[in-house]
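After this come two complexes, each holding subunit A, first together with subunit B and then together with subunit C.
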Partner chain A sequence: MLIHLEDICFTYSLNMPFETEVLKGINLEIKKGEFVGLIGHTGCGKTTLIQHLNGLIKPTSGKVFIEGQDINTKGINLKKIRQKVGLVFQYPENQLFEETIYKEIAFGPQRLNLSEKVIDDRVREALKMVNLDYDIYAERSPFSLSGGEMRRVALASILSIRPKVLVLDEPTANLDPQSRNRILSEIKEIHKKYGTTVILVSHNMEKIAEIVKRLLVMHKGKIIMDDSPVNIFEKKSKQLIKVGLGLPQVTKCMHELKSKGKDVFTGVLTVQDARNEIMRKVNKNKKKQIV
Partner chain B sequence: MKTLIKIKNLSHVYTSHNENPVKALNNIDMEINNGDFISIIGSNGSGKSTLARHLNCLLLPTDGDIWVDDMNTKDKETMWKIRQKVGMVFQNPDNQIVATTVEDDIAFGLENIGMDEKLMEKRVEWALKIVEMEDYKKSEPHLLSGGQKQRVAIAGAIAMNSSYLVLDEPTAMLDPSGRNEVMDILKKLNKREKITIIFITHLMEEAAESKRIVVLDKGKIFLEGKPEEVFKKAELLKNIRLDIPQITELAIKLNKEGLNIPINILKVDKMVDELCLYI
Partner chain C sequence: MNILRNVSFGQYIPHDSLIHNLDPRIKILSCLTVIICLFLVDNFWGYFILGSLIMISIIFSKVHPKFVFKGLRPILFIIIFTLVIHLFMTEGEVIYKLGFLKITSEGLIKGLFISCRLLILILTTSLLTLTTSPISLTDGTEKLLSAFRFMGMPAHEIAMMMTIALRFIPTLLEETEKIMKAQISRGADFESGNILNRTKSLIPILVPLFVNAFRRADDLAIAMEAKCYRGGRGRTHYRKLQIKKNDILIFAFTIIVAITTSLIF
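== the complex of A and B ==
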């Protein structure tokens, strides 16, 4: 098991007047090569949870295992853990600091005492992964880029460490629709091509459900659903709305049709899915009429 | 309908010493009428925020003019009057809250203009009621949810008796329920209090709720019209890196399959009604 969380509880400001229990007994297993979405209402504990995955936060109680290793035992080399689990924070472009994009992306590998040659390879590879042309971008300042490009450079600077697990906290917040689609398809591609395990955190259902294979829904510090997006959209739509998460428009449309007595499948994730389902139904009705 | 904000030949150039000047706005002409609810959409870097910041003198035109109720934004004497007329709400709720309780935060602007205390109390009460936050009067802002914080920010702006509210991606950092809260309040403000809303967003489903959409691309007005008209032009919008609402996209796809569904549908319930004719 790549990631194994055992009964994680976390309380901010423990034993203080503003003590807040953020995580309440999280049990979770993620296998190598999975593509997982983690969604939930603001304040449900998503960000706190992922910060446990590379030891940025230590649980108040419970254990975090990465490749079988309890990462909060004494003498553990957290640097190694953080090399395995790469965390891309919200608005990662705020963390850019180097003079050139090359130096920015080389920063991580340099800390790993790799040779110049290997570092150079990794920078090139990382830039390629996020579809930025080396010759055009390497020597430019990261601060002269557009919002979407800056975010991709920030992502590349984590990829250059070659993490086994890539955790992304709201990677598409504030991007225009096209940059949003682009960064998501790059993440998908990385997952496919390099077998990287990906955990995608978001409160935006629409796009996430479309690309992940497994969806975790958090509410008030607990994981309340853990299933495929199709099953969740089909069977747990009411509960999703109840915990402050909306349904994509097309999914809502199918549910409303169903509530009007139409026999349609409601677990649709994309516009294309909805189109297919509606056409299937229309054609079936046509046949009936002919008969 | 009376035109209240008039933008004429507006251009804005950002200059910094070590990079090439960037023309963020290029010859914009626009009129905003009383009671409008305008969404401004456009890809990153299209000039949306630059335009918004011109409306209350946070930025001044490099070229061209803007008049708010016949006051030119370049005129230093009327600058504060314009700022009182045009309230601003930004994206990150945490960056715009200044006081330690909700009511103090809303009173902050009023105190600055030296309003009488009794009147001030009344205005704070009124503003809180409109944004449905009266129960949180004494709460500490940092304990509120994102949607609640944005509602407090909106209350702070309208307490100043603003006639216009400019919101720069106020929902970008909120989850779906927070977004709905903010949208509901904005619609109410527009309908009942007759406040003119200028709303910047990246979410097409939200833009679909407004009365008029202005699409910016590379600092110019690319398209303008009612949501039903704008979203009909899916191909054009995709060319400038924008999207259309899912439901409109579905309508277009079904049309191609031969179903006679209007391609300018924006709302789920309307689509459901249309589909019931077929299945």
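== the complex of A and C ==
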């Protein structure tokens, strides 16, 4: 088991008047190579939860195991854990600081005491993973880039550590549709090519549901659903809306059709799926008429 | 990482109390009076009276003493440092000797005296900030400073700068914490190494922090311009400050206590 959370509770400002309980008993297991989406309304504790995964926050109670190791026991080298679990924060472009993109991406590997040659390889590889050309970008300043490019450089600066688990907090927030699709397809590509376990955090169903294999839904500090996106959208749509999360538009459309008396399958995620499902239905009706 | 969260010095704790509802000008002036008096008094009885005055005000303010004393914690080091320096560095009658270090009775008295002064000073100012929201604090300052306008004092501008600075302290703290966490996730290490290395390791925090702060300042300037901000001239206030009966009574009381204490002691 790659990640194993055991009854994680977390309270901000413990024993203070502003005390707030953010996580209320999270149990979770994530296997190697999974592609997981974590969705929930703003303020439900998503960001707090993922910061437990690399020891940035210690749980008030409960245990975090990474590859079977309890990461909050004394004497554990958290640096090694953070190398395994790469955490990309929200708006990661706000953390860029180096003079050139090369140095920016080399920052992580340099902390690992790797040789120049290995660092160079890793920078090239990371740039390739986010589809930025080494010759054009390596010597440019990260501050001269567009928003989407900056975010990809920030992503590359985590990828260069070669984490086993890639955790991304709202990787597509505030991007135009084109940059959003690019980043998502790059993440998908990294998952497929390198077998990296990916945890994608978002408050927006759209697009995320399409690419993840397993969806975790958080509400008020608890995980209330854990299933494939298809199952969740088909069976638990009402509950989703109740906790303030909308359905993707195509899924909503199919639910609408069903409520109008058309017997369609509602667990669709893409426009293509929806089209196929509707065509199937239409053809079936045609056949009936012919018979 | 929670160091940044625990800064309570200068924090405002909202409540509905006698002290909270005072006019900010009165509060600022009263604090000033107490502080001036603090430096005029030269024996423990005077401090006892001023200290009790502040303690009673804290009780009346309904702010939990925990907050008041938590604010003291960062300054405790300075107080202890002063005490120790005075203990060992004052010439006089030796009461205890430890190697080449000797404690004198004069040193003990002087050290305690200065510590008391610092303690009351900080309690007074933190009582002011604990019970006054940043907005009314700057409003009060602006009104008080505008008395010096004839000397060319830009009262409104100073108050506006104060407001903005106070407003952005928590934002910048939050941002620092976020950037620190992000860089730690990338392998940065702020806790080990010698001083040179530790100073170097601040670069990944400071550069993004400054870049973002400048960007924020730019945005703020544009937003203010868009809202037709034109400086202080002709600007009216939504909340008008008004001196009430309580204000006059309390201010008179403070002045009387301060004057008598500084005259007697």
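Operating definition for what follows: the second predicted complex is superposed on the first by the 291 of 291 C-alpha atoms of A that agree within 3 Å, B and C clash if a C-alpha of one lies under 4 Å from a C-alpha of the other, contacts with A are read in each partner's own complex, and residues count from 1 in each chain.
Assume a residue touches a chain if its C-beta (ideal position, glycine included) is under 8 Å from a C-beta of that chain, and two chains touch if they have at least 3 such contacts.
Bear in mind the structure is a predicted one, so any value in this text is a computation, not a measurement.
Colleague: Does the superposition put A:136 against subunit B (first), subunit C (second), both, or neither?
Modeller: Neither partner.
Colleague: Please tell me which partner, subunit B or subunit C, touches more residues of subunit A.
Modeller: Higher number of touched subunit A residues: B.
Colleague: Just to be sure I read the superposition right, which of the two partners does A:118 touch: subunit B = first, subunit C = second, or both, or neither?
Modeller: In the superposition, A:118 contacts neither subunit B nor subunit C.
Colleague: Check whether A:147 is in contact with subunit B, with subunit C, with both or with neither, and answer first, second, both or neither.
Modeller: It touches subunit B, and subunit C stays clear.
Colleague: Could you look at A:1 and tell me whether it touches subunit B, subunit C, both or neither (first, second, both, neither)?
Modeller: In the superposition, A:1 touches no partner, neither subunit B nor subunit C.
Colleague: Touching A:43 in the superposition: subunit B (first), subunit C (second), both, neither?
Modeller: First partner only.
Colleague: Just which bits of subunit A does subunit B share with subunit C as contact spots?
Modeller: none
Colleague: Given the complex with subunit A, which residues does subunit C contribute to the contact?
Modeller: Per the touch definition, subunit C meets subunit A at residues 1, 5, 64, 178-179, 181-189, 203-204, 207-208, 211-212.
Colleague: State the interface residues of subunit B toward subunit A in the complex, per the touch definition above.
Modeller: Within the complex, subunit B contacts subunit A at residues 19, 42-45, 91, 145-146, 169, 172-178, 180, 202, 204-205, 238, 241-243, 245-247, 249-250, 253-254, 257, 259, 268-269, 271-272, 275-276, 278-279.
Colleague: So in the complex, the part of subunit A that touches subunit B is made up of which residues?
Modeller: Interface residues on the subunit A side: 40-43, 144, 146-148, 173-179, 203-206, 244-246, 248-250, 252-253, 256-257, 260, 262, 264, 271-272, 274-275, 278-279, 281-282, 285.
Colleague: Can you list the residues on subunit A that touch subunit C in the complex?
Modeller: Its residues touching subunit C are 13, 17, 51, 54, 56-57, 79, 82-83, 86-89, 92, 94-97, 107-112, 143, 157-158, 161.
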